[in-house]
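This is the structure I have questions about; it appears just below.
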Amino acid sequence: MPNKPSKKLESFDNPNVERDFVIDIEIPEFTCLCPKTGQPDFATLKIKYIADKLCIELKSLKNYIWSFRNEGAFHEAVTNKILDDLVLAINPKFISIKAIFNVRGGIYTTITTTHKKSGYKFENDINL
Amino acid sequence: MPNKPSKKLESFDNPNVERDFVIDIEIPEFTCLCPKTGQPDFATLKIKYIADKLCIELKSLKNYIWSFRNEGAFHEAVTNKILDDLVLAINPKFISIKAIFNVRGGIYTTITTTHKKSGYKFENDINL
Amino acid sequence: MPNKPSKKLESFDNPNVERDFVIDIEIPEFTCLCPKTGQPDFATLKIKYIADKLCIELKSLKNYIWSFRNEGAFHEAVTNKILDDLVLAINPKFISIKAIFNVRGGIYTTITTTHKKSGYKFENDINL
Amino acid sequence: MPNKPSKKLESFDNPNVERDFVIDIEIPEFTCLCPKTGQPDFATLKIKYIADKLCIELKSLKNYIWSFRNEGAFHEAVTNKILDDLVLAINPKFISIKAIFNVRGGIYTTITTTHKKSGYKFENDINL
Amino acid sequence: MPNKPSKKLESFDNPNVERDFVIDIEIPEFTCLCPKTGQPDFATLKIKYIADKLCIELKSLKNYIWSFRNEGAFHEAVTNKILDDLVLAINPKFISIKAIFNVRGGIYTTITTTHKKSGYKFENDINL
Amino acid sequence: MPNKPSKKLESFDNPNVERDFVIDIEIPEFTCLCPKTGQPDFATLKIKYIADKLCIELKSLKNYIWSFRNEGAFHEAVTNKILDDLVLAINPKFISIKAIFNVRGGIYTTITTTHKKSGYKFENDINL
Amino acid sequence: MPNKPSKKLESFDNPNVERDFVIDIEIPEFTCLCPKTGQPDFATLKIKYIADKLCIELKSLKNYIWSFRNEGAFHEAVTNKILDDLVLAINPKFISIKAIFNVRGGIYTTITTTHKKSGYKFENDINL
Amino acid sequence: MPNKPSKKLESFDNPNVERDFVIDIEIPEFTCLCPKTGQPDFATLKIKYIADKLCIELKSLKNYIWSFRNEGAFHEAVTNKILDDLVLAINPKFISIKAIFNVRGGIYTTITTTHKKSGYKFENDINL
Amino acid sequence: MPNKPSKKLESFDNPNVERDFVIDIEIPEFTCLCPKTGQPDFATLKIKYIADKLCIELKSLKNYIWSFRNEGAFHEAVTNKILDDLVLAINPKFISIKAIFNVRGGIYTTITTTHKKSGYKFENDINL
Amino acid sequence: MPNKPSKKLESFDNPNVERDFVIDIEIPEFTCLCPKTGQPDFATLKIKYIADKLCIELKSLKNYIWSFRNEGAFHEAVTNKILDDLVLAINPKFISIKAIFNVRGGIYTTITTTHKKSGYKFENDINL
């Protein structure tokens, strides 16, 4: 897999399907463009998921994040779009994404969105 | 929309009505006047909401916050007034506002007020 | 109301009786005397309440806190006494007081005491 | 009561038996000896309890903590022993002890142990 | 027991089987090799468990952690492997392991995995 | 002296002219308007001075700071203007002003300006 | 020496007159009254000195600090007064006092004043 | 001046040429590409300067920083290049640039470079 | 060398006598007894030295620190005594000791004492 | 250059020889073995240098640091050895290395060593 921006998210088999466990991924280097002004926006992404059969491959995730670098994207929409793409790629039992955007106009904005597989119930010893 | 103080809160369509997600907004630059003494008061506002059909437009929110700059306002009343105005503007499923006022007379005051749409129930994977 | 120590706690009408909201008050400047040794004690008080019909007037609260300056007071008793006096003054739906005393003899002591109005139930969107 | 190491824990009458409240005590100066090597161990103790009829007297607690200074003690056993002794001395409705030991061999160990009086139920406005 | 890398985890009898208590262990010095590149990886491990009949012996745990130093290990797999090995060694009522890996490629990864003994229910005064 | 915005800075006699000492004043509540856009700017001011014959009276300083609330002011110019006005009011041996402005357009700006009375030399035990 | 407020500062012989060394004393519990309003003021005192023949006795210092509890005192004057009294009591080679007052009217004030014995020169390995 | 990437740095007249003062600018949003791998790099820039006749215009600085977004740049070279460009644009008495790059390969790199106008001497009351 | 309290400080040959370098040692676990009351005192020791021909052996230093555990010791005297003993043991070019004692009676005390070998001059690239 | 442990330090030409500038490198992942016990040691390295004609190549530095992973090394000796090797590789105008080792036996050790090219004088606007 080459190092270049790409919308393709790759996966690998969850090595421990016999138990639910939590994978936290923090990416302080998300950047895209403001669709209104064309100026750069910056955010830290925090992804947290419980895999089902697949885990996200990190190098493809890095290239995927990179693919937003020169695209216009609204805060709410892009956070939900990343959630949708990850659900499509690995269909996890649970996933949440928090996008903490840098201050603009004296206002700090953070978007948090989650998805739970239909019918999935948290075990009561999972501490998210 | 010009940059000037205004009580008009504008909105845009929630781009992801198909799922509940949380929008956090932090505004460290709220200032109004003390109704008793006329002297400036300062607060940091933390707004957190789950949109229904509408999201709050940030530039209009900035102008709205600005509109309090030269108005007298009691701590408890102004926090609830901002909640009322936001509910009127975007009718969210849930909203909370925390106003952390600067110290006065050696006393720190914080007001937290919330509104939930009638009949709305939190999904159990929402972590407020 | 003059600036002088006073046990009289004054109140004003809750401007938003239509919804439950939380008022946090932090007072880093509580001081009294140790009843055993006569030496000064110091504490930070954190008061949190949900008003019913009345809110506590802050200037009278300041004078009330001041009234302990030259009185002897045990940690547990004085924290509960302040709770009792506030309940008497404003009869809130809920109130808690945390008194964080300065270290004495290498030991840090904090007292937390709460009162809930008989029959009052927290709304489930109140995050204390 | 003289200032010297002592296993005797003294108490005083709970001044506010009419309501449950929480007493937090932090002691950063616990030290004992490692039973294997004889070398000093150090810990910060955090005690939290809801008194029933009695409260722990702090000077006797200080002397009690001091009494471990030249005794051998395993981490798990000594934390539970302190819990047992405090339960015996004041028979509280609830008590927890957290012992945060200093790093040894690159490993940080913390022991947390609790006791609840048989039949006691937390009031739902107690925030431990 | 000599100081050398070893997969053998030793145990000692839980000195307080009569009550459930929590043992927290933090090891900032976990290191292994990346199976893809052969380069060193580093993590802080946080282990938290409620013992049943046995507690983990810390020196053997240190040697066990050391045994990964020159082994290849994927993040998800090694965290679950350590959990499996500890469950095998002491069969605790509950155990969780959090492995906080150092940043790689601008991405921070943390794996959290837990095991609860079949049929075990947390007492409601255990605060994990 | 009434509580209202005023450019008049008042002073009182330095009570300890026999030795040089340092007065630090921090004001987190400076606000003015941007001369280009008319929008509010915010800054924390840190003033540090060695008085000669006069000290600055704090209530008048508060009213003076307040007087900028609805005035347009460039960062560099207003910081130097405040320095000039304080020098005119109390003619100190030394004074510095640091204005730490809130972020605008992703850029944080801080202006630091100083004035030393002609011929004044710091004593070598003054640690600014 | 009884525990009561007292202006008498006691001393003991410097046990190491053969070398200059630095004694730092921090007192977070200074309180006096505002001479204008009669209301309590609070400060943290930081004292740093190089003893000559005498060191300050800490219990008498505590009683001395206590003696200001019900006295009116201006910030600048009281800090210099404490310096004068300590110089009179122990005549140190060097002493500085920093008084960090609690916020009043949105303004934080800190006074730092120093005294060096006539003719004393710092050794160049003293890092104040 | 439009909002778009541009190498053109604009200036305005120093409003206070009669005294030396320090302007600090912090930009947490610098990003360029690694010349070897083409992958994004990120840095926080800290610029500090004493203006001579000109000050840097902030909007043009923002566009200038933006202009590196899709350019390849080595850490050492780009930091010195920014210094050169700023010297060319405003010819300051003194300027320093610190570029704090995000971690790569487990290594954190920071470049600090400075320029002083020939013949310029710091006044001894400037605290950089 | 056995693990037991001992006043004997051992040394080893400085492996790099050809250049001056700085060794910082921090010991958070110093404890002795108050000579007046017999009660335990606690301190963090910070030792910093430039070796001449010898370096301090850390295990003997640990046993040396341990030897104060049950001895009475005044703050000023014991800090200077440790300095004297270290100078005697390794005769360093420079050494400083800072002893940060735990709070007693609401007062925090820190003692800092230094020794420089007669005739030794710091190289100007040593940053202590 | 392959990714494997190697003592070979590579360099590249200093792109800005016309001015002195400072390169800071922080490596939190240094590990070697204790020569006495064979057990792993861990340290954070902070390297700071002013290049002359050459800069250190970071990938070779990473491999060089890796080469200590399974070697025995005393704290003082290894820090000076790294300094020697870097001086040999790039012959900088100035270099310092600070090695902050993880706690062992309750003692934290940090070694700081520096080298200055013969005859090199710091420019007075370099702030190390």
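So that you can tell them apart, the chains are marked A, B, C, D, E, F, G, H, I and J in the order they are listed, and the count of residues begins at 1 in each.
Methods note: a contact is a pair of C-beta atoms (placed from the backbone, for glycine too) under 8 Å apart; a residue touches a chain by one contact, two chains touch by 3 or more.
This one's a predicted model, so the numbers in the text were calculated from it and none came from an experiment.
S.K.: Expressed in steps between touching chains, what is the minimal separation of chain C and chain J?
M.R.: Between chain C and chain J, the shortest chain-hopping route counts 2.
S.K.: Using the touch definition from the top, list the chains contacting both chain E and chain H.
M.R.: A, J
S.K.: Can you check which chain pair, C-G or F-H, has more C-beta pairs in contact?
M.R.: Top pair by contacting C-beta pairs is F-H.
S.K.: I'd like to verify one number: the distance from the centre of chain G to the centre of chain I, where each centre is the average of its C-alpha atoms, in whole angstrom.
M.R.: Centre separation, chain G to chain I: 27 Å.
S.K.: Could you grab the centroid distance between chain B and chain H? Build each centroid from C-alpha atoms only and quote it in angstrom.
M.R.: Distance between chain centres, rounded to whole Å: 37 Å.
S.K.: Send over the residues of chain B in touch with two or more other chains.
M.R.: 28-29, 42, 102, 104, 106
S.K.: Using the contact rule from the top, write out all pairs of chains that touch.
M.R.: According to the stated criterion, the contacting chain pairs are A-B, A-E, A-F, A-H, B-C, B-F, B-G, C-D, C-G, C-I, D-E, D-I, D-J, E-H, E-J, F-G, F-H, G-I, H-J, I-J.
S.K.: What does chain E use to touch chain J in their complex?
M.R.: Its residues touching chain J are 3-4, 28-29, 31, 37-40, 42, 66, 69-70, 102.
S.K.: In their shared complex, at which residues does chain A touch chain F?
M.R.: Residues in contact with chain F: 42, 102-104, 106.
S.K.: What does chain J use to touch chain H in their complex?
M.R.: Per the touch definition, chain J meets chain H at residues 14-16, 19, 21-29, 55, 58-59, 61-62, 125-127.
S.K.: Which residues, counting only chain A, touch chain B once they are in their complex?
M.R.: These residues of chain A touch chain B: 74, 76-77, 79-80, 94, 96, 104-116, 122, 128.
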